[in-house]
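Two complexes are shown next, each including chain A; its partner changes from chain B in the first to chain C in the second.
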Partner chain A sequence: MAAVAKQAQQLARQLFKLSVVDSVVSTDRVAGVLAYVEKHAPANAVLVLKAYHRLVSVELAKSEARVEHAGAVAPAALTAIAAAMTKKYSRPIAATSHANPALLAGLRVRVGDDVYESSVSGQLAALSLSV
Partner chain B sequence: MSTVLDQIEQQIAKLSTKAVKKNTGNIRTIADGVAKIDGLSDVMYNEMVAFPGGAIGIALNLEETEVGCVILGDVSKLKEGDEVTTTGKLLSVPVGKALLGRVVDALGNAVDGKGPIDAKETYPVERIAPGIMARKSVNQPLFTGIMAIDSMIPIGRGQRELIIGDRGTGKTTIAIDTIINQAKINKVGLASGDAKFRPVYSIYVAIGQKSSNIVRTVAALEAAGALEYTIIVAATAADNPANQYIAPYSGAAMGEWFMENGMDALIVYDDLSKHAVAYRQISLILKRPSGREAYPGDVFYLHSRLLERAARLDGKGSLTALPIIETLAGDVSAYIPTNVISITDGQIFLETDLFNQGIRPAVSVGLSVSRVGSSAQIKATKQVGGKLKGELAQFRELAAFAQFGSDLDAKTKAQLERGARIVELFKQPAFSPASIELQVSVLFAMQKGFFDPIDAKKVVVAAANMKNFFTTRKDALLTEIRNKAALDKDLEAKLQAACDEWKSGYTA
Partner chain C sequence: MLPSLFLAFVEAPVAAAHAAHAAAAEPGIAEKFGLEWKYVVIQAISFLILFVVLYLKAIKPTIAAMDERAHQIDAGLKYAEEMKTRLAATQQQTESTIKEAQQKAQAIVAETQKTAKEFADKQQNEAIEKASGLIAKAQEAIELEKKKMLAEARTEIARLVVATTERVLAKKLTEADRASYNETAARELTGV
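What follows is the complex of A and B.
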């Protein structure tokens, strides 16, 4: 079972490499990969596609600055965040806005696994842990 | 007034605009104190990760698609999908004298209900052992208070001496006796006002033991007045395997603080068999490849890196380790026992047969050894007990032949008689360690044949009587032996006179 999963992971990694152009996941390439897999279904196609999905979603998350906010955020602020993150990570990053009243006030920006916490709820959580 | 308020407002304003960067992941699966986490792309090996609710984990498996973490603390409220963050720190525990007299868990939190511990410093749980140049040879004795050990298998400060035997053979008792003896020596030494006196502080690490046993141990130490010099690290059988895995390293960190600060410490790992089992459980859940007896490939390193931290440092203090291993049916050739035997500087082997025969402590003289040898003995012990191990070995050999019932010559009979008396003399009740000066006195009496006229079965009573005689009536002589640490002609004459006095007053 472990060997099957490892093989699926290896194939998914190869397919993922084919889907990336200039450090960015290409929509056309992904469509091409999916068409190829549909036509020439590999052994354990479900496992391969799940692993491929995971790799692509992780990569896409790295190209998106998910901005969570409690109040309104001006489009200029979103543009500024996108520009700052693009500079920081040296790759094109687009900012998307998501309302989250649970933050109480402030912002939380997520780029891949990194979270930039500047919300009141985050500070309260940190405070409660330190007490 | 307004200036103060301005300052606070400025601080709030600063805080409210400051963004904190965290590297996060999400729990994919969680079972038996081990979590598999998606994300955590920046995590480092052995780094502490923070779980919701204040639980702490350690990243042990860094894989392409996930991170395997062991969780220390309450896992019951954690669930799939919970967010986990890296901390950028290694796991640390509080260290220092504030922990003496306390019972703590694997993370150094007090569990004895005596309130929080006011520790000023913390040490990382995992540390690289001292290198070659920093070490000094082991030549200062660490008295266990057990005659059979101090006279035949001496332990030095900075040594690693394994206590090995089946269940119920008195392994823990030897360790507790040693801790109690350190406390007794500390009290006498500190009271004497000797500037050169170096007290030994003890750390007792209980791994996978029943809570009732730990309570009993704490009570025994308290009753003997030894708890004030002892730290107890408890990872009970009810604790999750991660806590049991980390507990000996936490104890070692606490011991290292004493060593680094020019003090001497003793650490007891009770026991490393259960520690290996806890690590095996973690490794199997982490899906690490298993080897012999299903232990992972790095189980040797698990114990070698722990025991290598015991050392005597040049210009600093020492950390003496007494690891305990429980064997099954006396099988010392099993995987974990052979590993730990090869790491340590000797072993005290306890035999079930001897224990059942009433020979307690049930130390097997033939299989026990201290690789530090007589360099960790005071001269007085060497003078009175130097030949004891050989004599006892000869006795065992002759006793085996004597079972055939053939006629024996006078010399063999004498050797058998003497051997039987030595065996009886070494019998010692639990939790009553004898001071080294008392041991020297009793062994001197044995050497000079004072026990020869006494029936072998009555030697235990006679020895107890003699110890009582020396303690109550020859205190000055005992103090002289302790201070000189060697028997000169004058001291020998005094001892001879004291033994004669005892003999004249003693009726078997």
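What follows is the complex of A and C.
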């Protein structure tokens, strides 16, 4: 079972490498990979597709700046954040807006596993921890 | 018994001869007193014989018995003296032994008392150390518990303050306030 999962993981990595062009996940490549898997139906196709989906999701998350906010956010602010993150990670990163009233006020930006926050709830939480 | 028969047998002829002789001779002083030499000799011989017989049959055994008795008495006295000496020596040895035993007993008692005191002191010290350790641990545990309670109280108070603040801010913050804060946050984050 472990050997089957390992083989599926290796095939998923190979397919993922084929899907990335210039450090960006290519939609066309992803479509081609899916067509290949559908046509040839490799062994343990479900496991391969699950692993491939996880890798693509992680890579897409690295290309996305998820901006959580409480209250209105100006489009210019989102653009500025995207530009700043693109510059920081040296790859194109798009900003997406998601409302989160729990922040009370302020922003929380998540790029991949990195989180940047400047919010009232965050400051209150820091204050709570520091007491 | 035997000498008396012998005398009676000898005296009869002698007395007859003596009577004949006395009638023939002039009586001297000895004759006047009735002294006959032959009787004297015979008496002497009889006495000697009696003496010899008495000596052999009575005196010698008596002397021997007395000597033996004296020897026994001497031996008894000597034995008694020896026994007395031995008794004295034995008493002295016994007293010495008793004294030595008493000294040993006193030494053993003293050693036992010393050992018991040392053991008691050791037990007491161990008990004191154990009690001190327990007290120290209890104080440490109390201190830790106190710190833990204070930390928990502080955390709980902070949590309550933060929760209250969040509720207040959620009610009091206006959209304009949030927008303004968001702009500030965006400027802060773009400067990362």
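The rule is simple: the second predicted complex is superposed on the first by the 131 of 131 C-alpha atoms of A that agree within 3 Å, B and C clash if a C-alpha of one lies under 4 Å from a C-alpha of the other, contacts with A are read in each partner's own complex, and residues count from 1 in each chain.
What we mean here is this: a residue touches a chain if its C-beta (ideal position, glycine included) is under 8 Å from a C-beta of that chain, and two chains touch if they have at least 3 such contacts.
These numbers come from a predicted model, not from an experiment.
Annotation: superposed three-chain arrangement on chain A; chain B versus chain C shows a clash.
When the two complexes are overlaid on their common chain A, residue A:64 makes contact with neither chain B nor chain C.
When the two complexes are overlaid on their common chain A, residue A:112 makes contact with chain B while staying clear of chain C. Residue by residue along chain A, chain B and chain C are tallied for touches, and C comes out ahead. Once chain A of one complex is fitted onto chain A of the other, the partner contacts of A:121 are limited to chain C, with no touch recorded for chain B. In the superposed model, A:88 lies in contact with chain C only, and not with chain B.
Under the contact criterion defined above, the residues of chain A that touch both chain B in one complex and chain C in the other are 106-107, 109, 116, 118, 120. The part of chain C that touches chain A in the complex is made up of residues 154-155, 157-159, 161-162, 165-166, 169-170, 173, 175, 177-179, 181-192.
Against chain C, in their complex, chain A makes its touches with residues 69-74, 77-78, 80-81, 83-84, 88, 101, 104-107, 109, 116, 118-121, 124-125, 127-128, 131. Looking at the complex, you find that chain B touches chain A at residues 15-25, 39-42, 50, 54, 64-65, 85, 287. Contact residues of chain A toward chain B in the complex are 2, 9, 51, 54, 106-107, 109-110, 112-118, 120, 122-123, 126, 129.
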